[in-house]
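Both of the next two complexes hold chain A, though its partner changes from chain B to chain C.
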Partner chain A sequence: MQLNRRDFMKVTGAGIACLSLSQLGFDLKPLKAYAAELKIAGAKEVISVCPFCSVSCHIIAHVKDGQLVSTEGDPDYPINQGALCAKGAAMLSLTRSSHRVTKPLYRAPNSDKWEEKDWGWVIDRIARRVKESRDKNLQLTNTKGQTVNRLEHVFALGTSHMDNEECALTHQAMRALGVVHMDHQARI
Partner chain B sequence: MTNHWIDIKNADAILIMGSNAAEHHPISFKWVLDAKSRGAVVMHVDPKFSRTSARSDFHVPLRSGTDIAFLGGMINYIIEKDKYFKDYVVNYTNASLLVADAFGFENGLFSGYDPAARKYDRTQWAFQLDDDKVPKRDPSLNDPRCVFQLMKQHYSRYTLDDVSDITGVSKEDLVKVYEAYSATGAPDKAGTMLYALGWTQHTVGVQNIRAAAILQLLLGNMGIAGGGINALRGEPNVQGSTDHTLLYHLVPGYMAMPIADWQTLADYHKANTPVSYDPQSANWWQNKPKYFNSLLKGWFGENATKENDFGYGMLPKIEKGANYSYLFLFDRMYQGKIEGGFIFGLNPMNSVPNSNKLRKAMDNLDWLVTVDVHHSETTDNWRRPGVDPKSVKTEVFLLPSAHRLEKDGTVTNSGRWQLWHYKAVEPPGEARTFGDMLVDLMNKVRTLYTENSGAFADPILKIDWPKRYDADEMARRINGVFTVDTKVKDKEYKKGQLVPSFVALADDGSTSSLEWLYCGSYTEEDGNKTKRRDPKQTPMQAAIGLYPNWAWCWPVNRRILYNRASVNLEGQPYAPNKAVIQWQDGKWVGDVPDGGWPPMATGEGKHPFIMTVHGFGQHYGPGRMEGPFPEHYEPVETPVKSHPFSKQLNNPCYVSVSSDMDILAEPADPRYPIVLTTYNVTEHWCGGGETRNVPNLLEAEPQLYVEMSPELAEEKGIKNGDGVIIESARGRAEAIAMVTVRMRPLKIQGKIVHEIGMPFCFGWTTPGSGDSTNRLTPSVGDPNTSIPEFKACLVNVKKADKLTELA
Partner chain C sequence: MPKAFLIDTSRCTACRGCQVACKEWHELPANKTKQWGSHQNPPDLNPFNYKLVRFSESLENGKIKWFFFPDQCRHCIDPPCKNEAEGYMDGAVIQDEKTGAVLFTDLTAKLAPEACEAVRAACPYDIPRWDEKSGLLTKCTMCFDRVSNGMLPACVKVCPTGTMNFGERAEMLELAEKRLAEAKKTYPNATLADADSVNTIFLLMDEPQKYHKHVVASVRTGLNRKQFLSSVFGPLRRPMQRAVRA
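Entry: the complex of A and B
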């Protein structure tokens, strides 16, 4: 029987597969005992993609009880074959970082501090600011009398951190508002 | 990339220039080393010796901003020594096309230059056409007006002596690279060029890459396995975000943003749909109306009808030639002309040139919405060092965003593979995805416009906008659906079903697609192909590592672009041992060919470069702003007063802004005699906003440093580890001196020029790490792209009496 590294890990990971030891042809008792103690034992594997450069290495996230317990390179993905660089290897600490922003924050004009707000409040407030700026500044025609429907006073920057699906929505929304100052990482 | 990551292994020669692949795309180097282990020669041409250089066969240092001189010298070498692949050049490139008499070149300028406007009249660079409006050709390549002869003449000026004199590369090193790389002109040999921001971030960025393209076309390296022009794109989804064009000048799918002169849809199509009268030219962009109308249909849904130009009239229109890119946006912001805006996952206060000006410009905003995973120099600009927050009027929002492991969706890698990633865990606290926030915000704006009067509500109320964000639903919309029951060949599709390929997109409103290049990624027949994890390949595909069943790749799952240039006129591969496609028993096998037409020799074929109007690879590129041939011009801030190729010192068309904070050094300015180049480190990401917040990464690379040669250090009385101050005409930065032989003094025009290098990932929100290197860099940009010149500017350096930014 032929096993690649990944099949081997699946077989030996407790709780995933129960093959008889004879099928593998050697004694796995000590290894199984060790595997049972691993933090990924019994964890669900989820395939993701490293969020840094566009090599787009694949990462396996191990999730247990809804918590991220480990990340590692995906050995099946033909490009990175399990390897990751320093940043990709830091995926676990990045995701679980205590420095993450976890609540919508608001800084009032001339204030010296952030305040926590709820989502309903910030979305309503931002929508009103967008509408005010648009209603005041939308340019319907240019000096030649041509229709231009553009909003030069509001801009959108970013981002290549968005998924394709989010990029498509951003473009659609911004052009509907009339935004023309639109740019992102591709130009720097 | 025209090719893809694994394909690098198929190269016989690898020229890495304008990139430090081993440190900035570390896993890509797996494939570089794979090629090397099979005998490929790997060359690194870069100002700094890095880990890329260490694993290359040789490293050749050159002065930042002299790549065109270096590459121009190679073009000259290849033509002079007859190293080019003649059949390929004649059949597949525009070398044989005749150029009209109006074209000329004198004193560093092409014909048609208007110095007042700093622009060219590009109609003077046209081809000669015959009575059928097909370009005239001379397959012997002898006609003095053919592209080949004009190119030969142009680059004959790029002699080894002159190139060496201006680049700082010895003649021996020039010949070493030229010889090794030009060996790939043999029909069965492949050479690849790997570049990154080291080529793009110059006022001649586009022409750097054009020069590379000329070389690849001369050597027959386009369309083949182990060849290509390969941009090692940075950023997690910068390929996808470019395809969906979060850029002012385009709409999704590389189509022009409407301008005011195109008032109707018919105007738009007339101006943007190229016409070819050559029956052998596929001229693929002739299909643009199908893609553009399907985009409008995707944006406006039921409200897009033939009668209302599919909603075209509702779109914003920009003025012809108007520039809304970063440099100009921040200049207008500095002048107080911008009221508010959104910054999603970006840290421009660190990563855009002239940070001091930008930081001040942001104080002029009334409101600002930032969306990020951490606080950054951008989100917290209002409380930056030296500024009293009470004096900053801006109302600022910071919305917590989900990170990669916390959402479903797709990204597109540099090799154009579209890849699905699955949500593993919930975002922390109340963090949400960009998609969730945007959908809710836009729905709120729509409610406000429904309940209240407001300016021109039509486009806001008439877009086809989802009620909630769902990545799968958006992936379907991007692929596109039929809007009426339709028959494609013999197959019937119901209204709402997925369009199988962009070949089925129509201009009559019967299809929608938010990105035509992605059409075919999600089909009724095969489902969401971005989720595919099947390593199955035919032996022919396996020989070059094509992996056609793994995920999906745009366009139409074609893994190597322009692959019909990899075969001869009979459809047989030039390199049989690494064939990409082959004509067998009346059909193509291997990769998905660029169009299914039979080989050229049948008389039914089409020229392989299907995205160009005439179907040829372009040695002569009449569409570029500053000329059809790349020409050496110095960076805007240059340590020399003249160069050997002409009296035109800088790119005659570069773009810039001119506020009181946009000060430039003079050429060979005695106050700023040192060249600065900027880059990054493996452990940090771009402006550093994400990675400085990860303790293990910050520990590995904790603070800003400057790499300088021992010779310069001695001249300045600086020791390794000293705190130093680097100053340009625009600002100053503190850094720790890293005295190293990785940086070499260069001999330019008989004098020593020193170059130093600094990363740009550190900022004041990480105390003691240093602050933005881009306080030093200038707001000048390439005329085609407006990408700023981060890679070459002038500075001086001195030992610091005391440090305030570094702990």
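Entry: the complex of A and C
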């Protein structure tokens, strides 16, 4: 067994500490058990962004064996400085909750039930409905005869879960269709 | 050197970040709640909520005033729950000498339900809760695992307003005095709650009753009859029980 100086100091230090305390008759077992159980020990730290509002607090995601084990505010980020609100603090539950929707749900007109659908079906249907509405309702000129190419029958409601690039892409797609009513929804 | 919390309620906006961060760190399950007329939800501390922001409103000079109280274990310097529990069993409630943390161990599951109730009743702040299913007594752990590894408790780390503070007791007392002087300019009745006897020091803007029933200890000096008897006969209880059984 090879020990460098640092290891040697560690081992002797620990040995002396254990000896002296146990000699005094302290039972250290329960306290040790508590202290040893740090669930993020050895976890990889991944910087992430809270998806809820436009403040975009940074979060450290602790990943162990490919699994998310804990999340907390990033103290090095100047905006939130390690702090989070109740929503940002619930990032772990957000990923683990049994209520999380993991498949597209569809509710047919006048139906009171949600049906699970695959992505292909959903995207196809959205595309068809958008095209139908645009073909029928695109307004090429206003009352003065000026060209406007406006589609007032479709609106885009965003989500604060979208980052800057996703917002830009959505905005461009909507503008291309002639949509003028857009809301990013990052005011909360 | 013991550690201490300073909870400056004059800064609390009741965002409940602390309440959620606590639940997330300890990975406690959800409670089924319903609208009961207050933002205080769940309505009380329970085995799955060690931390709870209490909401209290009062009408002062025709204006509504909120008193937010992020309730948690006070980690008493001389914890009555520990004294009570030791009457039944050693090691169920322990106090870490280094940090001053009062901890309920897994051994609390071995306490009889009456003993758990007695430990609960011994707390002057009405903090411990009993989980019927696991038989464990539960409460705030001062994030002992985090603190022993040099980290801040989850509730303190998450707080965006500076309400929750944690550090060496001497430093926290110093900060408390500084914050109190500051708070008194706006709130002349501002006080520190039981600062001499607990390691979770609350800075209050007004009288304690305006926040919650158990903000300050119900018995502030000496022991009441029950505590007195418990402290006298507590150490004898186990040998006596053993003798009865034999």
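Convention: the second predicted complex is superposed on the first by the 129 of 188 C-alpha atoms of A that agree within 3 Å, B and C clash if a C-alpha of one lies under 4 Å from a C-alpha of the other, contacts with A are read in each partner's own complex, and residues count from 1 in each chain.
The criterion applied here is as follows: a residue touches a chain if its C-beta (ideal position, glycine included) is under 8 Å from a C-beta of that chain, and two chains touch if they have at least 3 such contacts.
All figures in this text were calculated on a predicted structure; none of them were measured in a lab.
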First, second, both or neither for A:A41, with chain B first and chain C second: second
Partner chain in contact with A:S93 - chain B first, chain C second, else both or neither: both
Partner chain(s) touched by A:Q146 [first = chain B, second = chain C, both, neither]: first
Which of chain B and chain C A:S160 touches, first, second, both or neither: first
First, second, both or neither for A:L84, with chain B first and chain C second: both
Of chain B and chain C, the chain that contacts the larger number of chain A residues: B
Where chain A meets both chain C and chain B, residue numbers: 71, 80, 83-86, 88, 90-91, 93
Parts of chain A lying in touch with chain B, wherever the complex brings them together: 46-59, 61, 63, 66-68, 71, 76, 78-81, 83-88, 90-91, 93-95, 97, 99-112, 114, 118-119, 122-131, 133-138, 140, 142, 144, 146-173, 175-188
Residue numbers on chain C that touch chain A, as the complex places them: 15-17, 19-21, 24-25, 27, 30, 91, 94, 96, 103, 105, 107, 141, 144-146, 148-149, 154, 157-161
Chain A residues within the chain C interface of the complex: 27, 30-31, 34-39, 41, 70-73, 75, 80, 82-86, 88-93
